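Shared between the two complexes below is subunit A, which pairs with subunit B and subunit C, respectively.
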Partner chain A sequence: MAWNLLFFYLLGGISLLAAIGMVVAKNPVHSAIFLVLTLFNTAGIFVMLGAEFLAAAQVIVYAGAVLVLMLFFLMLIDPQNLPERGGGHPVQRIIGPLLGVILLLEVAAAIANRAVSGTTGNATPENIAFVGGSTQAFGNLIFTQYLFTFEVVSLVLLIGVVGAIVLALPERLGERLSTISLGHPRGTDAALPEGTGAAVPVTRADRQATAALEATREVILVRDPDAYTEVKSR
Partner chain B sequence: MTELSTNHFLFLSAALFVIGLMGVLVRRNLLIMFMCVELMMNAVNLSLVAFARETDTMFGEGFALFTIAVAAAEAAVGLAIFLALSRRAHTVDADEFHALYD
Partner chain C sequence: MDQPIWLTFLVAFIFMNVLLIGMAYMTWYERKVLAAMQDRVGPNRTGPKGLLQPIADGIKLLGKEDLIPANADKVVFYFAPLVVFVVAITRVAVIPFGNITISIFGQTINLWITDLNVGALFLLAFGSLGVYGIILGGYASANRYSLLGGLRSAAQVVSYEIILGLSLVGIFLLSSSLSIRTIMEQQTRDLIFALGPLTLTLPNWFILSQPLAFVIFFLAAVAETNRAPFDLPEAETELVSGFHTEYSAFRFSFYFLGEYINMIIVSLFAAVLFLGGTDGPGADRFWGIGILWLLFKVIVFLFFYIWLRGTLPRFRYDQLMGIAWKVLLPLVLVNVLITALIRLIGNGQLRF
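Then we have the complex of A and B:
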């Protein structure tokens, strides 16, 4: 048996077992660890296929960033919110695997009976070796023919980051954050002239009077901006 | 099948995809369903690269790279949505979210 076949079965077998473990694990943290194992083995298979850059990207982005994000989310969420409640309809638990097996058989039959057609490209092993390796050929492709797509994908990532920040913010900021303000208890606005509004210009004397008051105001820390309205005697 | 061929990689890809699909169909935990979707994307990447290698082109690898980038963006947004959902409904069980149905 050829060595590459042996390595393929090793990597593929471990990735399949880890994928099954990911699906059946009760604890989402165990699922995440199994997913890391699957992705690492798939990165090994990418190396076998001669796509070294993709293997590195897979390890860094998938196994690194995305899985760390998932584990971070698992730490952020309340543990008693995690478990599944009903576990789905009983029929669903039978139909799901059945449909999966049928799909697998269909795809396997399609793969077994497929015929290669069409023309082949010019990225033959000799040409790839000529430009200096798979990563160089890949870079040539990405930064010439797919340059616009590359920029669009970077925009997608940027929008994704902004969207994640907006979505993960608490719904009402007041629930979590306190309001910090200089004290405005009733009565301290007495320095301003009566009926102060947009129509009445604030004079320099008014500013000086309020500035003197502001210097002596206390910092008030309240959960609700309207909570502190009492006149506080100094 | 004693020689390593493209079909080996395609079979592995199909098996990984189907395992992910079964996970999405059977499991009800949003996080695990999400990981299964990531696994399915990974399986598709594998078959893209296998086909690219078979036809002596680099396009499949380019597609796979863009898939990885989109999956990363999807992970960030999806997890943020799950966080907001779990704050509101106090669960991540997919069957518990039926506000539009009620």
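Then we have the complex of A and C:
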């Protein structure tokens, strides 16, 4: 038992310290590392509670999610030009701490109102062992009692995916196929009219522009990079 | 079943050391096989047949100077290779090397470290954590090439992780379990085909009932471990050497160790999930034969890894992503659908 307690305090302590570090760290990449550390240690606590499935799902889902978050930092933020601490819009500076305090009060109220003497559910260790483990018990619940909620959550996620695709879609699909490479020195050619380099749509105008060149040597117009590798002689 | 905790630690210690030695000789094996494929001799100077070459390489790497770029994010730079290594070696904890307990010196010993209820998910989860080491190493090096390698690795792993997970769903459906021991145990049964007068008895290995899933698993595993032909994060021709360009000496060797240990773990994973694990002729008589069978399957799987590296050129980056999302993902979803349908019909829950 003493070992359990020690590991609990270790995991809990690290996850708390990492959570503080996440808020305090100036570099967003460091914040992301602290976030992963917090989530990982929380997963460890889940394992100690016997909820292995929850722990594995937590690591799989959040590891991927935080990774994408980190990609955003690396691609969108200039590390030499980070904002100063305490900067930002004045409204943000008031609302931010206010929301934090409200959240803290909420959590404190929830803990204070915890029904210590309330009835325990039927998820006792014996019942869980009877169905074969926490994964099985979890699956039984999610696909029977909470099926409707589960389906609603899946639908919300699906809408998110569809929304992301719609946002990423080019305005008109037909005009996006565009790489053009000309002639045997692959790529752009000084002899061509300006603007016929790479990433210009293959249009009738391009064909007319290259028509004169085609008389002197072989000119290849392709619509995508894969066609580029197949050089056929005409 | 229960054994004292010190014994578990001892088993874990032995497993990890076996894994490390296995990794060292994996490099020797790879160089020898590649040499044979390219009509060369391979390492043959250090020890008989070059067998001491991995040890010499290790000593050489430890003796080199440890360089840190001036602009590097130092703390992250220090820890990133350790993440890859530690995460890779932790994954061995859920892999069973046999399904029985053995008795040595009056102690009953389990041939596994822990039989986690969600062992397969544990392996997947730690596989996705390993990429943090790569992307953080790429970021901390303060080098454009390293950063590009790290970004590529992140995108690649996020894509192929989904496919790797989904390719295993068929097995989970057929075995109704996520525990690797249970899955391995189910594969020791017989699979009986009855086609009229002809009856064929085969081992119930999941490669036979899930062949498509196995092929997809293999492809996703190659991509997940950043090996050729999917080794875009360290593509020498474009990125110098990708995320570990700035790493030297033993920090580099941690990346190297992590990559090879991941390969061995993935091979073990494939062997226990698809190839029957320790199942084979004579395996039920003595546990040692079972381990030899497992070892044999792992070596065959690793040979495929090296074979791919020796024969196929590297994919282009958009091709890599195209294969994942446009080919493998639909295929693996169809596989899940068909398996679920067959399972329902087999259970008698769906009638026509």
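As a convention for this text, the second predicted complex is superposed on the first by the 117 of 234 C-alpha atoms of A that agree within 3 Å, B and C clash if a C-alpha of one lies under 4 Å from a C-alpha of the other, contacts with A are read in each partner's own complex, and residues count from 1 in each chain.
Following the convention adopted for this analysis, contacts are C-beta pairs under 8 Å (C-beta built on N, C-alpha and C of every residue); 3 or more make two chains touch, one makes a residue touch a chain.
All figures in this text were calculated on a predicted structure; none of them were measured in a lab.
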First (subunit B), second (subunit C), both or neither touched by A:M70 | both
Thinking of the overlay built on chain A, is A:V59 touched by subunit B (first), by subunit C (second), by both, or by neither?
-> second
Identify which of subunit B and subunit C touches the larger number of residues of subunit A.
-> B
Subunit B versus subunit C as contact partner of A:P90, first or second or both or neither = neither
Figure out whether A:A112 sits in contact with subunit B (first) or subunit C (second), or with both, or with neither.
-> first
If you stack the two complexes on chain A, which partner ends up touching A:T135: first (subunit B), second (subunit C), both, or neither?
-> second
Quick one: classify A:N4 as touching subunit B (first), subunit C (second), both or neither.
-> first
Which residues form the common part of the subunit A surface touched by subunit B and by subunit C?
-> 53, 57, 70, 74
Which residues, counting only subunit A, touch subunit B once they are in their complex?
-> 1-2, 4-5, 8, 12, 15-16, 19-20, 22-23, 25, 28, 31-32, 35, 38-39, 42, 45-46, 49-51, 53-54, 57-58, 61-62, 65-66, 69-70, 73-74, 76-78, 81-88, 92-93, 95-97, 99-101, 103-104, 107-108, 111-112, 116, 118, 120-124, 137-138, 141-142, 145-146, 149, 153-154, 156-157, 159-161, 163-168, 170-171
Seen from subunit A, its contact residues with subunit C in the complex are 27, 29-30, 33, 36, 40, 52-53, 55-57, 59-60, 63-64, 67-68, 70-71, 74-75, 133-135, 225
Inside the complex, what are the residues of subunit B that reach subunit A?
-> 2-4, 7-12, 14-23, 25-29, 31-32, 34-36, 38-39, 42, 45-46, 49-50, 52-59, 61-62, 64-66, 68-77, 79-84, 86-88, 90-93, 95-96
Per the touch rule above, subunit C residues touching subunit A in the complex are 73, 76, 116-118, 121-122, 124-126, 128-129, 131-132, 135-136, 139, 147, 150-151, 154-155, 157-158, 161, 165, 178-179, 316, 318
